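The same chain A turns up in both complexes below, where it pairs with chain B and then with chain C.
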Partner chain A sequence: MLRYLIRRIGRGILTIFVSVTLVFFIVRAMPSNPVTLMISPQMSEEAQQALMVSYGLDKPKSVQYVLYMKELLHGNLGTSFSKRIPVTEYLAEKLPWTLLLLAAVMVIVIFVGIGVGLFAAAHKGKLADRLINIVVTMGISVFIPFMAFLLLYIFAFKLRICPTGGAYTPPKGAGLSFYLDVGKHLILPAVALSITNLANAVLYTRNSMIDVLHEDYIRTAYSKGCDSKRVMKVHAIKNALIPTVTVIGMQIGIMVGGATVTETVFSWPGIGRLVYDSVNALDYPVLQGAFLVMAVAVVIMSLLTDLVVAWLDPRIKLGG
Partner chain B sequence: MREEATTAAGAETADIQPILRVEHLTKLFPVKKKKLIETKRFVHAVEDVSFDVYPGETLGIVGESGSGKSTLAQTILALTPATSGEVYYDGKKITNFKVGGAGRKKLRQEMQMIFQDPYASLNPKIKVGDAIAEPMLVNGQAKSRKEAEEKAKHLLETVGLRPEVYDRYPHEFSGGQRQRIGIVRSLSVNPRLLFCDESVSALDVSVQAQILNLFNDLKKAFHLTYVFIGHDLAVIRYISDRILVMYLGKIMEIASYDDLFGENTHPYTQALVSAIPEPSTAPRTQRILLEGDIPSVVNPPKGCRFCQRCFKAQAVCFEQEPDLKEVGKGHLIRCHFAKEAE
Partner chain C sequence: MKERKGFLYYFVRNRNGMIGLIGVSIIVAIGLIGPIFIPKPDGYTADILIAPCAQHWLGTDNLGLDIFAELVWGARTSLYVSILAMLISGVIGIPLGLLCGYTRGWLSEVIDALIDIFMTLPMLPLMIIVAAIMGTSITNVALILGIFSWPQLARVTKNSTLKIREMPYIEAANCLGLSKPRILFKHVLLNASGPVFVDMTLVMASAVLTEASLSFLGLGDPTTWSWGTILKRAWGQNAVISSPNPWWWWLMPSLCIVVYVVCFNLLGTALNDCLNPKGRE
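Right, the complex of A and B next:
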């Protein structure tokens, strides 16, 4: 077990290293450079040059890369070009908001998704199942930004039940009223972001539950004298959840990196919004930092997913 | 084994109540419609099957794949609902287990089934010990988990497994061991009537023999009655007192062990008997080879079910379905050419 963990962590670090390297060169391959974006034409040639030097952009890319990696090993992600604050501080300010959004999405996906999936499997072929299937297909194929705007239009603009954007109504309050305010702001982005994941969770849970219910050991359970409730609870669900857990686990990892479009539409102050702003500002260090967070999250989530699946399925030996 | 055969045959004459009586049991599966306008069609899995099982005997049910043997057992045990017909247990009607809650528990406890595939019929996520203990706890044979565990460990020893295996998962066992676990599971609730559905078919021949001997030993130790289902007459005859031959969902013949290997039998039985391998170097004389495959169970033949493949078939066989005729004491044959009892 320990050997397995060490190997997995080693492989994860390698993945992170490769991803950091790729991101480093990709952001620098973008046309234009950050200095020309922020300087006014009146600025003198010398002043521009000085700015380039202060960002370290005057050196060749290979030298920049070595310097960046050196700093990274010390835990220093650099300083934001546009905000002039350390990237770590900047990310630490945005990450909780993304995690909050993510948690809300997960709660919806796990409780509603698995619940509806099990319900559909139990009523396979009946009207309820067919309706669920239609909705799920729509959920998988719908274009999320469109859904986000639609939700915003209906609930914020027409019905005026939900706020139009942001994570709270400024100024930042405290106590219960603040939490309630955040909760109100959370609903729309969480729903918009849940749609595809929810549809996937329903689909996977339903299909694997239907497969499991045809297994011989389910018949065995009935012949033992278990009633159908016990058969579901003890024998079927644990087997049926493996594909769902795998899919949800991978989705979480990706979503820690922020849902750029959804967060931007709802002006949610998370990592996704940060990525959008940083691309516009060509803020290399912040982009690199955001993608590093995403890579780490994906690696951790895939390890956690494998551990959960191994716990669900004793046939899987952790060792490969 | 053979002495028991005569006692079972004797039991029949001595007017002993059958432990299980099946009357005109029929199970049809609807066929999914493919065209827009189509008459509803059915798979005739089990059709008009009637037989008795007497306490202490082993009834073998033999027939090739698709003849409805497993469906028959599952229908009797209410694992799939019967289309029509009745099942009586100890003289009481139990069709589809439509009896009160306590009565159903008792039925689930007294009638157990050992399944065909020892690999698929054990839940891979549940430790074998828990799988064995579960029916005891569900049916109230054991008051506590601890008591169930003790009983399970004791039973594991009776079938030749070490009690330490209690905490292992099914994938850690071989096919023969898994089948023993299946046997322990079914024995754990003290059943009276045990259905063995192709319980040795998935095993190697050497392991088959071990398990069959185990079945015989357990029968004596626990006073069991078996309904033993198989496609291999060589296996079935090793364990059975009486044998029921099925073909395409219908009973072709019911006979005691001795009658089945006698002169006056159904042509299908003769073909099955001639297919039993004999440990002899002498040239095989009359191996009856059946041509073709089992016909469609959606459109069964109009006359005798077996007419298309029968080597004795005459014109009448294609036109008219023969009845199940009694040709001797407890010996029934469904054939136009069976010699009737004088």
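Right, the complex of A and C next:
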């Protein structure tokens, strides 16, 4: 177990390192210079140079890289070019919103996705199953902005029961009414973002449940005299969920950054939108910080996924 | 020859596959032939935001341009992007997957780790940055999509190569003293091509989704029509939540994207079922 954890964490750190390095050099390949966005034409040549020096952009890229990595190990992600505040502070302001969105997506996917998947498996080949299959095929192929548009059109424009964007109605309130307000703003982006995952969860749960029900141990359980409720609960569902958990886990990790489009459509103040805004502002430190957060999220989620799968399936011996 | 006949036999009887094939054929036909008859929508006219009618089948946008014409030109862009992206990811991913699956030792380990790491990188944000660097042209978008979708293809190639590597006929080819590249490309690749081919149709489907996302975020090509670009402009004018609602403006491009992706996915799944003896039911 310990050896397994060490190996996994080692690989995780390697992934994070590659991601950070890649982004460091990619952002510096951008054709325009971030300083030109910050300075006014009246600024003298020396003042421009001083600005470059203060951001460390005058040094060669390799030196910048070593400096950046050194600071990173001390937990310092630098200062945002556009906001002039520490990147950690900026990210800390955005991250909770993304996590809130992801938590909502996860709740939808786990409860609705697995529920519908099990229902479809139980009614395999019947009309309900075939209808679910059609919806799922569409769901996997759906273009997220389209989903967002449909939801906005129906719930925000026609029915007027949901707000069209943002995370809360300004000014930022407090207490119960604030939480209710955030909840109202959360529904549409969460549903739009969860569609693809939801479809995958249904598909994997259904197919693996159908496979599991043919396994020998299910027959054994029945012949031991277990009633079907117990067979389902103890023997079938736990095993059937393994592929579902793997898929959901990987996708949730990737979604920390993959939510860019959804967050843009709904003006949700999360990490995905931050990436988009920072590209336009040429804000290198923020981009680097955002990618660090995303890489860490993916690594943590994939480790968690493996642990959950190992718990679900005692045959898997971690470190074996 | 027998194997091939078997595949066609099952494919023709696969309803989803036939729907997908017909859909893909129609899209290809529209994308290839449509722009010959329909001039490229450009500039502006006075017929602003007209609902679908006899003259403008799918209505017009805020510049008075015909949505149907924009969609036809968009189909060509989608095809161009997805074919180019598929080819590029194939050129990178298939040889790497072959090498990773066929060789043993450090090379295989390195490629395997590379695939693993690339699969976990946040692709869309990375593509956004690279698209911003390379500038907005439709060929650049296709290049980016190809460069970033190879890991998936490499993994599929690797997995199916791993199985074939152990086959007796590969051993026989080795005993005959055939050269490595000949064994790899003629004997291994040809036999591994089923799942690889299937995955390439799926790459084409996801390429269109990603292209639409990039165009929607304003990183597409402003000089050509793409379904994502139409959506971006509609979104920029608040078309979804403005009253009276020009629903045709945002609904039609979205539907085109969904139909395109569904057709390619159906085709890919059906190919998979028919090439794989287990899936033939």
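A few remarks follow.
One rule holds for everything that comes next: the second predicted complex is superposed on the first by the 308 of 320 C-alpha atoms of A that agree within 3 Å, B and C clash if a C-alpha of one lies under 4 Å from a C-alpha of the other, contacts with A are read in each partner's own complex, and residues count from 1 in each chain.
Please note the rule applied: contacts are C-beta pairs under 8 Å (C-beta built on N, C-alpha and C of every residue); 3 or more make two chains touch, one makes a residue touch a chain.
Fair warning: this is a prediction, and the values are worked out from it, not measured in the lab.
On the shared subunit chain A, the superposed partners chain B and chain C are arranged side by side without overlap.
By the touch criterion defined above, A:T15 reaches chain C but does not reach chain B.
Residue contacts after overlaying the shared chain place A:F291 against chain C, while chain B stays out of touching range.
When the shared chain is aligned, chain C comes close enough to touch A:A156, but chain B does not.
In the superposed model, A:T264 lies in contact with chain C only, and not with chain B. Rounded to the nearest 10, the angle at the Cα centre of chain A between the centres of chain B and chain C is 80 degrees. Within the superposed three-chain arrangement, the count of touched residues of chain A is higher for C, of the candidates chain B and chain C. When the two complexes are overlaid on their common chain A, residue A:N239 makes contact with chain B while staying clear of chain C. Looking at the shared chain after the overlay, A:D313 reaches chain B, while chain C stays out of its contact range.
With chain A used as the common frame, the shortest Cα distance separating chain B from chain C works out to 9 Å.
Per the touch definition, chain A reaches chain B in the complex via residues 215-217, 219-226, 230, 234-235, 238-239, 312-315.
Those residues of chain B whose C-beta lies close enough to touch chain A in the complex are 74, 77, 79, 104-105, 108-109, 112-113, 115-117, 120-126, 134-135, 138-139, 169, 171, 182, 185, 189.
Those residues of chain A lying in contact with chain C across their complex are 11, 14-15, 18-19, 22-23, 26-27, 29-31, 137-138, 140-146, 149-150, 152-153, 156-157, 164, 253-254, 256-258, 260-261, 264-265, 272, 275-276, 279-280, 287, 290-291, 294-295, 298-299, 302.
Taken in their complex, chain C has these residues touching chain A: 113, 116-117, 120-126, 128-130, 132-133, 135, 205, 209, 212-213, 216-217, 231, 235, 240-241, 243, 245, 247, 250-251, 254-255, 257-258, 261-262, 265-266.
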